[in-house]
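A, B, C and D label the chains in the order they appear, each numbered from 1.
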Amino acid sequence: MRRSFPIIVCFAFGIVMLAQFFIPSGFSSNVRSEITDWAQIIYASALIVGIVGLMKYHAIRISRRSDGWFYNLITILSLVFMAFIGFAFGRMDGSPFMWLFNYMMAPMQASVFSLLAFFVASAAYRGFQARNAEAVLLLASTVFIMFGIASVGNSIRPFSDIAVWILNNPSMAARRGIFIGVGLGTIAVSLRVILGVERTYLGKE
Amino acid sequence: MDIGFIYNYLIASERLGIWIAAVLTLAIYSFLYKDNPIYRFAESLLVGLSVGFLLVVTFETTILPKALEPVAADFGRVFVKGQFGMIGSFIWVLVPLVLGLLMFARFLPGAGWISRISLALYIGFGAGASIPANMQSYILSQIDGTVRPFLTINNLLATVNAIIILAGLISTLFYFYFSKAHTGAFGMAARLGTFYLMIFFGATFGYTVMARISLLIGRLTFLLRDWLGVIS
Amino acid sequence: MDFWDKIRHLDRRVIFILMVLGVGIPLVTRIGLPIRITPDVRRVYDFIEGLNPGEIILVSYDHDTGTLPEMIPMSDAILRHAFSKDLKIVGMALRAEGSGIGRQNIRRIAGEFGKEEGIDFVFLGYRPELTATILGLGSSIGRVFPKDDRGFLIEKLPLMQKVLNYGDIDLVISISDDDTPVYWINYANARFQAKIVPAVTAVMATTFFPFLNSHQAIGMVAGLKGAAEYEKLIGISGSAGRGMDAQSIAHLVVIGFIAVGNLAYFLGRKK
Amino acid sequence: MNRLLSAILFLLVLFGRSYSFDLHLADFPNDDGTRIVIKWDSLPPLELANINPETYNHERAVDSPDQFVPVSLVYRSDTTLSAVDERLERGRVYYYRLSYEDSATVWHSNIAGPFSPRENWYNINRTNVLIGILITGIMVGFFILWGKKGKSFYLRPIAGLVALDEAIGRATEMGKPILYSSGRGNMQRPASIASMNIFGSVAEKVASYGTPLIFPNNDPVVTAVAQEVAREGYTKAGHPVQFNPDNIYFVTDSQFGYAAAVDGIMLRERPATNLFFGTFEAESLILAETGNSIGAIQIAGTDSSIQMAFFIVACDYVLIGEELFAASGYLSGDPQVVGTLKGSDYLKIIIIALLVIGAALALFNLTWFVNLFVTG
């Protein structure tokens, strides 16, 4: 019962959504709207379950004083503080909630991502060896695009045309081949999930 | 003395905000020297703030208006104003809320499996919606896009490009074909597929470098212009 | 450890300092390198330029705060172009942080053009699930977003009375730092024939060329370079244009790193 | 009889334009019954031949043909000879007419109707999607069932996997540990599941040699699964005692914290072999570059095409795109995974055939074949 009922539910909603694509009638789009509402609410609840799970994980590490528990305390405190400020004083423009967003959260997040520029540079220097034919072709393509699109080469006729040509032809063809492979794989896995053959999402029994 | 007064007087000043943002930016950049407590502090603070932000926004924009308010409204009509005709709508609106609450069953020992019902509904919905979308957009449209240019072969460049794309697509598919060893003519076709893949990965990495550098430009512009005022 | 081995194992921090100089110096000095317009950005500009006043663009903020420096210049340039042509903007977000950024960005640019919220533009807010939201907008926007971001009922907003679903939307722009625009293409374009423009970070650019080739997307703005091109098309000198000088020089530095790194690798190995 | 009538009508249109204007209606195909198509044979009608107005008013009346309301403009130049009225209500009755008005003349066409739009129960334009899904389902289902009945399929050798055995041998000879990482993916991601299959077989291979296998992790759930998979691998190899769960541990869930921690392990433990299989994001840059600097043999496989570019250049061997999933099928022999691979293979052959035939027919300007792939 614990495994068969969820599988029946998954089969029912999967088949309905699959059939709905082919049925344009009013009833069919109402069914779709209803299911999409439910899926949205389930997903939002899953987000909040994930957050509660994360808080539980941090709380355990604090209670056990495992190494680095002080940082877990910082995370919990800032999480509760941000949530309190948001629920208590609203989240409209100009609220303290948005102040924390604009002057603490956004700049730090942007800085974490900008670290990547440094790692790309050090990787380009120390890790980028043309060790075989494939790597040579990859490096050539990388340099052509960097020079022809983002750098000085962009304003020199042949370079930018070659770069745009690479992007729209060979590179696009390979990406299309990957899409077809991924498309077939996703359809196969989705069919197996709906038909109850693929059950990893239910977890080990 | 409510938070409003303190907020308006002290924290609202933009200068103070920029200083705090700059200090936190440098705290993150201290990781470049080495992994240190200042960085770990800033990162833990960031994780807490962003998860807190997600909690508030998700609750207030989806859970409240889509799940709780309709139930409260119907509850009011049926049980407070006595419009018993609305019982059907009340039950119907209750269903998504219950499905959402089932997800929390994971925290009850032994009742974890109940949350799988909602999870199964969501995964069934996702799979059912993605099958036709994938077939239409990832397969049929891609075939159409590759074959259609051959209808309007008017100049040499268009012909060459159409052939290059067709050859690239077929050889890439050969590379991802696992039922035959890469030997002989078939091996050569698959190797041609690798060359196309390398050009794609190279182009992607070239663009990745551009993206990452733009992020660094954004932060340095903030530090040099908004904080230090060195540039206009 | 001969010379080339030392070069090859250069301390990371030396490379980091060279990067800061490579980006910082051009930011301080103004070089003003020319920018060439690519066909994909021009197609977006021409499409919006071809719209008549009062027509409606849906702008969806599908990104986090981490990629702000690429997303904001694109959003500014496209919104300025749309408002200058008296087009109506319906804003929304499929990411929580994107909703915080998009809301402030639309109101800031709308303020510059004296546009009124509820009449000239609307911000619907955030919905977490991609497939459900994009499919939901196909039947009725009011059902997915009963209220706008300020909590006003959709029926009460003059702009939203003319917008029921994709049928009334002339263009969908997904400003995103991941593959969310593919969901817009797979569900909004494939099922409802909505016209899609991915405005993406440069990282995601190569993912969308197959969709441009098969006309599932009508054009694309990619990275700071795309934003700089769009700024040039609408004739303003925005932040992206200024950033492109630093971008050009920094790329030469990275290309230099690749060259020296490989030189050290081959010469070091030769001994 | 019917064909004769339309032929006469056709001749009339061609030669003598002396027939009366006829507006007629049709149901909009493949819709939810909210649209009606109005059609006419040609403009201008006889009465307005001299004025030949540029636009006409397309008008609609509901329930009874008296109050007509303008709906949209119809242009003389419109070659489709039709217009669509939308957002109607199913079951209501509608009437339509074209009209033209100026200071001198007022003209109304014949009233077309009563007509109520019909709901369609199948969208013909999407038949190709249905056929595609059925073929995919049948092919994949067939190979999975055949595989479950015990048929073993041939899968071409994957370069990355051949190198995997050499790399494990190298670490054993040098008596140095092997470092394994599945990146940042959570347990639901297909790439993480594939990575667990590969990790299981690596554990099995390493068990008999006793080479230390270190697996610092970024996700608590994946850590638990990895410990289970490794224990199974060691017991299958007959060395359950050798299994040391402490080598598989959760480090942190922060992206760069994880990268810095794994770098620290690399510089301390000096592993001879680094294996990166799973979902990687930007931290792949740091891991593979440090691995490069300590001279380890590195093999990687990921589903993210952005990180793949970097792994290709920084690592010795790489599983590209679907090869990661093929490898997990290869090693685990799970009929579902292998069946899907075989099914996809033959579907790719069909797609390649369609591409070649399509291109050939397109050269001869036969558009009907290309239009088979267009969906409404």
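The working rule: contacts are C-beta pairs under 8 Å (C-beta built on N, C-alpha and C of every residue); 3 or more make two chains touch, one makes a residue touch a chain.
Note that this is a predicted model, so its numbers are computed, not measured.
*Asks:* Touching both chain B and chain C: give me those chains, sorted by label.
*Replies:* Shared contacts of chain B and chain C: A, D.
*Asks:* Return the chain pair with more inter-chain C-beta contacts, choosing between B-D and C-D.
*Replies:* When the contacts at B-D and C-D are counted, B-D has more.
*Asks:* Counting only Cα atoms for the centres, state how far chain A is from chain C in Å.
*Replies:* 17
*Asks:* Go ahead and note the Å separation of the Cα centroids belonging to chain C and chain D.
*Replies:* 23
*Asks:* Quick one: report the Å distance separating chain A from chain B, using the average Cα coordinate of each chain.
*Replies:* So the centroids are 4 Å from each other.
*Asks:* Which chain C residues sit where two or more other chains touch them?
*Replies:* As it turns out, chain C has residues touching two or more other chains at 9, 12, 16, 19, 23, 66-69, 97, 100, 127-128, 131-132, 135, 190-191, 202-203, 205-207, 210, 213, 223, 225, 247, 250-251, 254.
*Asks:* Residues of chain B that touch two or more other chains: which are they?
*Replies:* 31-32, 40, 43, 47, 50, 53-54, 57-58, 62, 66, 125-126, 129-132, 134-139, 141-142, 144-146, 148, 165-166, 169, 173, 175-176, 194, 197-198, 200-205, 207-210, 212-213, 215-216, 218-219
*Asks:* Residues of chain A touching 2+ other chains?
*Replies:* 18, 21-22, 29, 36-37, 39-40, 43-44, 47, 68, 91, 101-102, 105, 109-110, 112-120, 122, 124, 126-130, 134-135, 138-139, 142-143, 146, 149-150, 167-168, 171-172, 175-176, 178-182, 184, 187, 189, 191, 201
*Asks:* Quick one: which bits of chain D touch chain C in the complex? Just the residue numbers, please.
*Replies:* Result: residues 86-87, 293, 305-306, 375 of chain D touch chain C.
*Asks:* Under the touch definition given earlier, write down the residues of chain B that touch chain A in their complex.
*Replies:* On the chain B side, the touching residues are 3-4, 7, 11-12, 17-18, 20-22, 24-25, 27-29, 31-32, 40-60, 62-63, 66-67, 95-97, 99-101, 103-104, 106-107, 113, 115-132, 134-135, 137-139, 142, 145-146, 161, 164-169, 171-173, 175-176, 193-210, 212-213, 215-216, 218-219, 222.
*Asks:* If we count contacts the way the header does, which residues on chain D are in touch with chain B in the complex?
*Replies:* 126, 128-129, 132-133, 136, 153-158, 254, 256-257, 260-261, 264, 305-306, 308-310, 312-313, 320-323, 326, 341-342, 345-346, 348-349, 351-352, 354-356, 358-359, 362-363, 365, 367, 369-370, 373-375
*Asks:* Name, in rising order, each residue of chain C that touches chain A in their complex.
*Replies:* Listed in rising order, the residues of chain C that touch chain A are 8-10, 12, 15-16, 18-19, 23, 33-36, 38-39, 64-69, 97, 100-101, 103-104, 107, 127-129, 131-133, 135-136, 138-140, 143-144, 150, 191, 202, 205-207, 209-210, 212-213, 223, 225, 247-255, 257-258, 260-262, 265.
*Asks:* Which of the residues in chain C come into contact with chain B in the complex?
*Replies:* 12-13, 16, 19-20, 23-24, 27-28, 66-70, 96-97, 99-100, 125-128, 131-132, 135, 146-147, 149, 182, 185-187, 189-191, 201-203, 205-206, 210-211, 213-216, 222-225, 239, 242-243, 246-247, 250-251, 254
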